[in-house]
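Here's the structure we're looking at; comments come further down.
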Amino acid sequence: MEFGKSGFLNEDGIHVDMDRLKNGEVNLGTSIMAITFKDGVILGADSRTTTGAYIANRVTDKLTRVHDTIWCCRSGSAADTQAVADIVQYQLGLFSMQSGKPPTTQTAASIFQEICYANKDRLSAGLIIAGWDERHGGQVYSIPLGGSLHKQPYAIGGSGSTYIYGFCDANWREGMEEADAVGFVKEALKEAIKWDGSSGGVIRMVVLTAKGADRHLYLPDTDYTVRHN
Amino acid sequence: MTSIGTGYDLANSIYSPDGRNFQVEYAVKAVENGGTSIGIRCKDGVVLAVEKVIASKLLKPNANKRIATVDRHLGIVYSGMIPDGRHLVDRARDEARNHRDTFKSPIPTRDLANRMGGYMQAYTLYQSVRPFGVTAILGGFDSDLEQPVDGEVGSGPSCGGGGKVEGQKHGGPWLAMIEPSGTYWGYYGAATGKGRQAAKAELEKLNLAAGEITIKEAVKEAARIIYIAHDDNKDKDFELEMSWISGSDGPTKGKHVEVPSDLLAEAEGLARKAIEKDLEGDDEEEKDKMEE
Amino acid sequence: MNHLPQAWGRPRDDVYGAYDASYLQTSGPKQATQQPIVTGTSVIAMKFNEGVVIAADNLASYGALARFTDVKRLRVFLDSSVVGFSGDVSDMQYLDRHLNELAIDEAYDLETAATKDTSKPSGKLNAANLHKYLQKVLYKRRSDFDPLWNQILVAGFDAASKPFLASVDLRGTAFTSPSLATGFGAALAQPIMRNYAATEEDAARLTREEAVNVVKDCMKVLFYRDARSLDKYSIAVVTKDGVELKENEQLERQSWAFAERIKGYGTQTV
């Protein structure tokens, strides 16, 4: 039996074309955001995962917990961002056990950034880190492709975000009440889903405050009006 | 020490039958011969001071520093074998640097004490090493303000992060003393070296736990205590070295720096006066006794 | 069947052929690294009689997208030098942390807070030392085919306490001049600054106020003509007394009203 170095998926089932796997990678062509508000932070995301034009998953959860009240929004390669989030979750768990205190959002953002920066040639990951801690309250950090770290009042990301820069800039207010803040995130994501082909499905949110994490879910068949869960 | 090692003191990794590690106890002996070091934790900062016995008149005055900066907000002073102390400082700097590299923020003083305690403890475990011949006093001021991540760009909302828990104190001064065994405790006042007994007695009188004394007063107290702890009869001359760390609103702006020369001179002047007064007081007491 | 435990669970050579280990090769040509992603545009600076003034806007672009509008690209080193970064922001943050650690190393020599004699050169790293150091770092990285994607201006004083200004880029190329600018600024701002400080002698005659005004004018021209610029900027003045850094300046006295007289593109008059 001959095996070429091109490594096409042969009948032996072993030799795999790595380049092709990379090209066909599952992508989170996405709409994600996180905002600060009066009592903490809110993360929001759509639920569409695509491989090319095919929707590989229509109910994806792109909001990932790395500690009790520190979460992240993932965009880019699903595999890369999951791997990075898993590493950070492990590191923060270790940190809180060793130091006997919960990590701050800054600590989480620092670890995320180090990984994204050191592996910038290998990763396609656009992350938003949002968290609440006793000392700093709600904080939002954005880590775009190159691995830089940006503190922001609110952050938007993913392919859908380009359609809502105007909406967010015009409607954003500091220190909103929770209901208003949830409304802001929902309206922004509705616009992103409407205009971006790579975004769609349900809207998921996580509200992080002193009280802990609270999940929201809104469905397209009720025009995102009813809160499920 | 009452008992001798009877063979159980030849190596680290051997306990004596009554559960002692003689090597560690001998290391403590080495510390007890060193110049006195003290640390004072007060409400707005930490003061470190050391009595440097002048071994030779050929040494350049004020040139051979004994207090070391570990990170901007951290200082270490030690008594005992000086090269051991230097190595310990190197290690402390590595630990502080590692913390910055990983977490992009300064290491909390308490966490550094923990790391250093662990490091020294490791030198009580193995045949091939001897325990550190120093006791180190670690002082630091962990920022009480919200600190940006190292290298941070951008800013959050101008109203600040929402949902902060009000009325909580974060950061502040911290002082710890680490012994050759690796034991460490947090202290309000710490003393080690030859004059530690006298120094500790004086530190206790200050009632530091009440948190009333300021860092400027503490500098003067520290000078006085070192002068008291110094044994005139037995020792040669000594030099006083002092450093301090205040919060960002204090005199050192959150940094560990040397006490400025004018304040040091003033503190030393007061210390000398206090000593003389003490001596006179002693004489009077004795006179009183004679009259009884 | 192969009964050796090492072979258990593995594809059989007689069926699948020996494993082609070429897929596991770690050697081979190394890819030239990366490209800047989040970027800052020009930094400009010029010397004057008793110091240096340096400025950069507060924008970090993501391609053509004006993504982050509050990125401060002037960084103070040891209260005596200013480093201005253009190019990749993640590499800027890396270098900023690196310089922060360098500054801590400097503090290992326990400094006295009170003895701050500015008349004579101190033992600590000055701007000239810092610039040389950065050059070595950037050259090392380009030699590893892993460049730090920045062009950097360093402003401060040299060992002789003379105003110092120099540039270093991602290849480790370094040079100095009475006025300097990176990126678009090299084309748009540098000619303007040269009108005032073509030589060291010219620069030595400029007052602080004159220099600051020239630099502010240049920032305005850059905002007019650089499509990756912003009207919010940072400006720092380095003198022997230290660094005065303002990070939230707004461009003033812009000229747009003449647009009223522009009608059509040639013959049209209404």
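In this document, chain identifiers A, B and C correspond to the written order of the chains, with residue numbering beginning at 1 in each.
Criterion: a residue touches a chain if its C-beta (ideal position, glycine included) is under 8 Å from a C-beta of that chain, and two chains touch if they have at least 3 such contacts.
Computed from a predicted structure; not experimentally measured.
With respect to chain A, maximal separation of chain centres occurs for B (centres as means of Cα atoms). Between B-C and A-B, more contacting C-beta pairs join the chains of A-B.
When every chain is represented by the mean of its C-alpha atoms, the one lying closest to the mean of all protein C-alpha atoms is C. Centre-to-centre separation between chain A and chain C, using Cα means, comes to 30 Å. Centre to centre, using the average C-alpha position, chain B and chain C are separated by 41 Å. Our note on geometry: chain A versus chain B, Cα centroid distance of 46 Å, whole angstroms.
In chain C, the residues that touch at least two other chains are 60, 68, 71, 89, 92-94. Along chain A, residues 142, 148-150, 152 each make contact with two or more other chains.
Contact of a single residue of chain B with at least two other chains is seen at positions 104, 151-155.
Residues of chain A that touch chain B in their complex: 36-41, 99, 106-107, 109-111, 113-114, 132, 134-140, 142, 148-153, 174-175, 209-210. Of all the residues in chain C, the ones that touch chain A in their complex are 11, 15-17, 19-20, 22-23, 31, 33-34, 36-38, 60, 62, 65, 67-68, 71, 88-94.
Those residues of chain B lying in contact with chain A across their complex are 102-105, 108, 111, 146, 148-149, 151-165, 168, 170. Within the complex, the chain A residues that touch chain C are 1, 3, 5, 7, 12, 14-15, 18, 117, 120-121, 142, 144-150, 152, 162, 165. Within the complex formed with chain C, the residues of chain B that make contact are 65, 67-69, 71-72, 75, 93, 97, 100, 104, 150-155, 243, 251-253, 255-258, 260-263.
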